[in-house]
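Single-structure report; data block below.
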Amino acid sequence: MKLSSFLFKRLLHSIFVVFGLSIVIFIIARVIPGDPARLALGPRAPEEVVQRLRQEMYLDKPLPEQYFYWIKGVLSGDFGRSLYTKRAVSVDIKESFPATMELVIFAGILMVIFAILLGILAARYKDTWVDNLIRTLSYFGVAIPSFVAAIVFMLLFGSYWPILPVLGRLSPGISPPTRITGLFTLDSLIKGNFVAFWDAFKHLILPSVALSLGPLFQEARIVRSSMVENMHKEFLEAERGYGIPERVIMFKYLFKSSLIPMVSVMGLDLAALFSAAFLVEMVFNWPGISRYGTLVMLNKDLNGISAVTIVLGAVFVIVNIIVDIIVALLDPRIRLGTNRGI
Amino acid sequence: MDIWTASKNRRSIRKFTDDPVENKVLKNLILEVGKEGIMRDLSDREKSKKSNNLRRKVMKTSKFVRFLRNGLFLVLVASLVLNLVGCRQQTPTVAEVKVIRNTTSWPCYIDPAVGSDGTSTLILCNMYDTLVFPNVDGSVKPWLAKSWEISADGLTYTFDLVQGVKFHNGDELTAEDVAFSLQRILTIGQGYGYLFTTSVKEVKALDTHKVQITLKQPFGPFLGELVRLYIVNKKQVMANLQPGSYGEFKDYGMGWLATNDAGSGPYKIKELNTMAYLVMEKFGDFWAGWENKDAPQYVKEIGTVEPATVRTLMSLGELEITDDCQSVENLATLGKLPNVDVSSHFEGLVVNIELNTKKAPTDDIHFRKALAYLTDYEKILANFILGSHRSGPVGPATPGSDPNLTLYTFDMAKAEAELKQSRYYGKLNQYPVELGISADVSDQEKVGLIIQANANKLGIKVNVVKLPWISIVAALAKPETTPNAILIADAPSYAEAGSLLQARYTSKSCGTWEQGEWLQNPEIDAMVADALATIDQKARFQKYYAIQEKLVELCPTIWLMECAVKRAYRSDYVVYPAADPANVNPVTGYNMYYRDYKVFPEKAQKPYTPFVP
Amino acid sequence: MRNSNQPNNSIAISLVRPKSIFWHNLGKNWYKFSRNPLSIIGLVIVLAIIISAIFAPWITPYPEHAGPFVDFKSAGQPPSLQHLCGTDNIGRDIFSRIIFAFRDALIMAVVVLALAVPLGVLLGLIAGQLQSTWIDIVIMRITDVFLGIPSLILALAIAVVLKPNLMNAMIAISITWWPWYTRLVYGMASSVRNEYFVIAADLTGASKFHILFREILPNCLSPVFTKIALDVGWVILIGAALGFLGLGAQPPTPALGQMVSDGANNITFWWMTIFPSIAIVLAVMGFNLMSDGLRDMLETRME
Amino acid sequence: MENILLNIKDLHIWYRVYGGYLKIINSVYLMVREGERVGLVGESGCGKTTVMKSIPQILPPGDFLIPKGEIYYKGKDILKMNFSEIQRLRSREIAMIFQDPTAALNPVFTIGTQIGDVIRYSAALEENVHQEKIKMLSIKALKEVSLPDPERMLVNYPFQLSGGMKQRVCIAMSTSSPRNLIIADEPGTSLDVTIQDQIMRLLNEIVKKRKTSLLLITHSLGVAKEMTDRIYIMYAGTIVETALTKDLFQNPVHPYTKGLLASVPRLSGGGIARGIPGRIPDYLNPPQGCRFQPRCEYATSSCTENPPQLIEVEKDHFVACYLTQR
């Protein structure tokens, strides 16, 4: 009951955010210098042709009206025609989004697993060499930008050590599995096509590692610190005092109470992976929405830009909602509603 | 010590070679040093002390390799596992098909009425047919049109079509289709439409195999232009109309043709991933037949020119021919790969620095000349694209370019002299020169820097600005936003000087990316118009020469070079026609006419990754 | 017990401003800071970067290589004694260029934060003080909208519509940066404003201004300082990312991200990629470590 | 004579901070006999809690240091015990009741889980027990501390209970299985007086019923007077006086004790309480000699030289003060 109302609030709020976002993005996209129609049609297109496109894109209308038409389209899933690929943006996005999804999910899994693992290790063996090692590592890891990692991998595995594929989602030899979810690994598994699965999996490794490297270590640090912080809590002393064994305290009481801050931060980082993907996909030539986004941005394809940003914004918001739900489920104080709203 | 490590390293090399992974290591070590490097080093064993630097290089790389081996032990283990499993699946499942895989800039627009960039052009050439076909000397030969007659006033052209030409879907190609295609491109006006919107008045099908085109005014190179008129299947297009704003023609099939083909060319579309690649398949009953039995069964256009990518594909044997926009360094590296050669030919692609004649300080002719003199052409040629050569307003490879034209040469003294005459001399620092270069081509930066360095010596401040292509297009739309100087490569649309001259220097083309000069010189306009209206080729060419001389004295442009089109390709099993100067076709795209290619997969040396359709 | 004596603590804080705390017991702060050797390492790195950036023209072996300079003869030399990090494909000394690149990187960080922080903090304060008034709502909703999308994407979108150069890159990043500070300060302010000492000040009839800047602000500052130190690193990183896509400083001005991508275009010369990458990592790491130290130093622990 | 359960000898505990160690516990002697109820009384911040936590070794590791001293439990030195022994001690012998129930209960677990685990791992039942038994026992434990509707309580989270209830839950947890020694750290001080009173009564009953010994840590002599047989007066980490409760109240010897007694408001006669001037000294560099000396009205030169030892002034009445030695 209380949870539902909390969720409702949260939902309302995020709808508002996306809406506000759409305005910001629209404004950004529309201040692009130069006549987008002309840009799209190239220099030699006769004036009347350009005029036609302008009308098709409502560029001759005042801004508010343009926005109205645009948002109307967006709500009906129509982002207009990409000036870059000359196709419906929605089609492009449908095509490219799963690729990014797959990459981010994979990276996310890596991130969460290793972060928690390292974090717990470091906390458990606080101030021992294990802890120091992990912490020093994490200081490095955090500072490695995804695109630098990507480039270095590319350099290493692309030319000096060609053991892992560095390009695209599948080797040229292998035909992509029939599209069900659009995630190659998943589809190929569903279809029982293990060759394709293995290939797709190999292609995933480098990009997702490059993507998750930074956040992974950041997480590890947060996990550690939040566990260490809880270690000094009186209830832990109490539980010790009551004679509850260390392992139970460690993996039951300490872990769950430390999980909550972890989850919320991890959610943010998970969403942030989408933006990091912008550069990684460029480097690894990964046909995802982020690469598409970068291309349309660099080519000033305003329909593309606004579509990609709004979509990613929405994803970002949705991820955040999900995280909030998880936190709520973990933390009774929120679930049973004694905390102050959002 | 030196010898010791070298020999040690040799031993290690011999040790490697049985192990698959290590083998790769060795290979890469070889690419790193350049194979002849190692070979020499190996043979030199007894007469040592020689080629020290080489050995040092080997040593260094081997050190690097060793570092990799130690530092990345885990990776190695992982890789072994992966490879083992990998190998099991990599054994070619199908008979090695004849295939050409070719990297190219992206995206491509495969609608004949939309695409006009390099990639689109080469695809269109292969998927669609034209009335006439370009010869290597730039003239045209009958193709879909087995003959034609031109009225005395040079206004009406009547074409007689070949019978029994089949579209990819089996329909017969008729005059209707020709008329429709021309009408369509005229209406849509994108792509190569501009060629015809200026010249064509109307088109009508006289009967099933006779089509008549009427021009607005006499136009000499019209036949040449027709190599850009791709004939689409009217029935098929009309059957696939989507809602659009072209009245009865709805969207004129643009939606459908964006991802499908309605052509009759030697290759038909198989699979198009608009973000990544295009696969074309040989069209079995192509009307002109397949006397070339070794032509590729499949062609894959891979949508990337990213050096690392290209190099990796090549070194894994997943690529037959590269794109033509690789940097000097990368071409050198590619050339060192086993069985890879770098071919070089000219297609009339000229690289110019367009000077804005409507903006200080480049509005002063002396200033422009100063810039032209202080440009170190030799250095640029040596470092931009090797094997290129100097060129005037029109590239020597293009029919109609003036063979004896006197060009500006690198001469700082002259440059200074010109500068002294310019009205900006003495207040140069108030007039910095903005030099725009395309962010997409890495090598362009070099050119910019070379000029910047020299200009600096004369006190001219040059700011190099890297712009994404689209921003360049936007900037050149108005004289005030056009930078003082902008580095742009341009190629003739059809094989004649007139094409470039019209597109580059007539007032009509001001505001397009093709003219950053804003020349707006009525004299030139008149001369060009007159030349183009001349039917007789000889006379026409003479007029072209005159225009080019006139331009040189106006100096609106720093004509750098005609760019060699360089592609790295697998010489062991691919016959790449353009590699032989005799077959080089001056019309852009026709050197990628895959019908003439020969592929022998069985001859392929390792590394070779067969293509599985 | 603990709860009941919290306010007196806070009063103690609010009466002496963090700054003066800092100066008064420098020794103690230094102890707190240096308790973690890593923070000292961070400090060293940061100082090294800043100093080398400032004195770049004097300490770099080839200062002219950061300007309009071409020397194809010595292009693509591997690291050696005369070229510590080798030379790039245009024959410029990479080491010198990295040092110079630090300049722009730092300038960018400073400018961005100088724009974003005051704005963010001010809005946060105001919203926090005038809680649940329409001002608060407007400010915080706008903040939410800006936080509703990854900052890199927004920065990209803004940067591409402007002309690619350093200034615009900085503007783009600043626009995406302020909301974080607004939210941070908002949180702090809205908790601090319920502390006894603020209420006390209110009751004694202190002016809104006084309360805002004398009572509340000082108590929000230490996390802000920490975040600033941290963000310098992140700004450098985002800047590099933009540069990587060619949206940063223009050639021949060296920029870290630009250099990395150039390296990617000339993979034969691995050093063209590796060393700028290391430079970026070092910079970011240095500031991270230092900010950790700052946090240990500034945060006032209970007990 | 009754045998000794807990015997702390010359215990020193230091706390690591900037610039060195806080010598918070400075030679504490303390003894608890079987079935005896002992009070440890002192101002807040004099180190009572530290002593208490040091007994089952639950002081936050790292920042605390025990330079010297022994803590004998049933004749075995806890400080020399290995981990399993300590574990056994915690789970079977000693029960802790913490000062602040809110802090002592894990906020994200239900009462049922927490008390259930205590029972599961307490020695009472080593053989693995099924959920039902545990549930039953927990309910019993909750009933014992007279909490209403225990079944429902099991699924509640701490934040859903009132302070008093939480405190009872804490007691229930520590008494859910038979223990020999209950260490109660100012139970209920964070609650209002009436609740506190109830809690105290409850504790008292349990101790009486179970015949377990009690170490009650409190800052109020009043509470101590009602609940304990013997009292230790602690000041700034040292025991200054100890005696049977009634003796102590009849004739306090140490000036500090006197001060404390004086500062307890008396309803009968007496007028306003007279507090002790000054405050607890700085542990970083405590005053020479007797730590109370700066605040002591009778302080003489000898007090400033070296700390006075505990001297038995009469039976079971020890005082650490030079006044007694004149």
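First chain written, first letter: the chains are A, B, C and D, and each begins at residue 1.
Keep this in mind: a contact is a pair of C-beta atoms (placed from the backbone, for glycine too) under 8 Å apart; a residue touches a chain by one contact, two chains touch by 3 or more.
Because the structure is a prediction, the values reported are computed rather than measured.
Asker: Out of A-D and A-C, which chain pair has the most contact pairs?
Answerer: A-C
Asker: Quick check on this structure: which chain has its C-alpha centroid closest to the centroid of all protein C-alpha atoms?
Answerer: Minimum centroid-to-centroid distance belongs to A.
Asker: Roughly how many whole angstrom separate the Cα centroids of chain A and chain D?
Answerer: 53
Asker: Could you tell me the distance, in whole angstrom, between the mean C-alpha positions of chain C and chain D?
Answerer: 49
Asker: So what's the Cα centroid distance for chain A and chain C, whole Å?
Answerer: Chain centres of chain A and chain C, defined by C-alpha means, are spaced 23 Å apart.
Asker: Between chain B and chain D, what is the separation of their C-alpha centroids in Å?
Answerer: Roughly 87 Å separates the two chain centres.
Asker: In chain C, which residues are in touch with two or more of the other chains?
Answerer: Answer for chain C, listing residues that touch two or more other chains: 160, 246, 264, 267.
Asker: Mind pulling the chain D residues that touch 2 or more other chains?
Answerer: Correct list: 100, 103.
Asker: Please output the residue numbers of chain B that touch at least 2 other chains, ranges allowed.
Answerer: 32, 306, 308, 311, 468, 471, in rising order.
Asker: Would you pull the chain C residues touching chain B in the complex into a rising list?
Answerer: Within the complex, chain C touches chain B at residues 68-70, 72, 76, 78, 89-90, 160, 163-165, 246, 250-252, 262, 264-269.
Asker: Where on chain A does chain B make contact in their complex?
Answerer: 33-35, 38-39, 41-46, 48-49, 52, 55-56, 84-87, 92, 95-96, 154-156, 158-164, 166-168, 171-175, 195, 198-199, 202, 285, 287, 291-292, 298-300
Asker: Within the complex, which stretch of chain B touches chain C?
Answerer: Counting only chain B, the residues touching chain C are 32, 60, 306-308, 311, 327, 329-330, 332-333, 379, 382-383, 439, 442, 445-446, 448-450, 452-453, 456, 462-468, 471.
Asker: So in the complex, the part of chain B that touches chain A is made up of which residues?
Answerer: 21, 24-25, 28, 31-32, 64-65, 68, 72, 75-76, 78-79, 82-83, 85-86, 89-90, 101, 107, 109, 111, 114, 116, 188-191, 193-194, 197, 245, 258-259, 273-276, 300, 304, 306, 308-309, 311-313, 315-316, 318, 468-471, 473-475, 477, 503, 509, 511-514, 609-613
Asker: Spell out the residues on chain A that touch chain D in their complex, using ranges where they run on.
Answerer: 127, 231-245, 248, 252-253, 256-257, 260, 330-333, 336, 338
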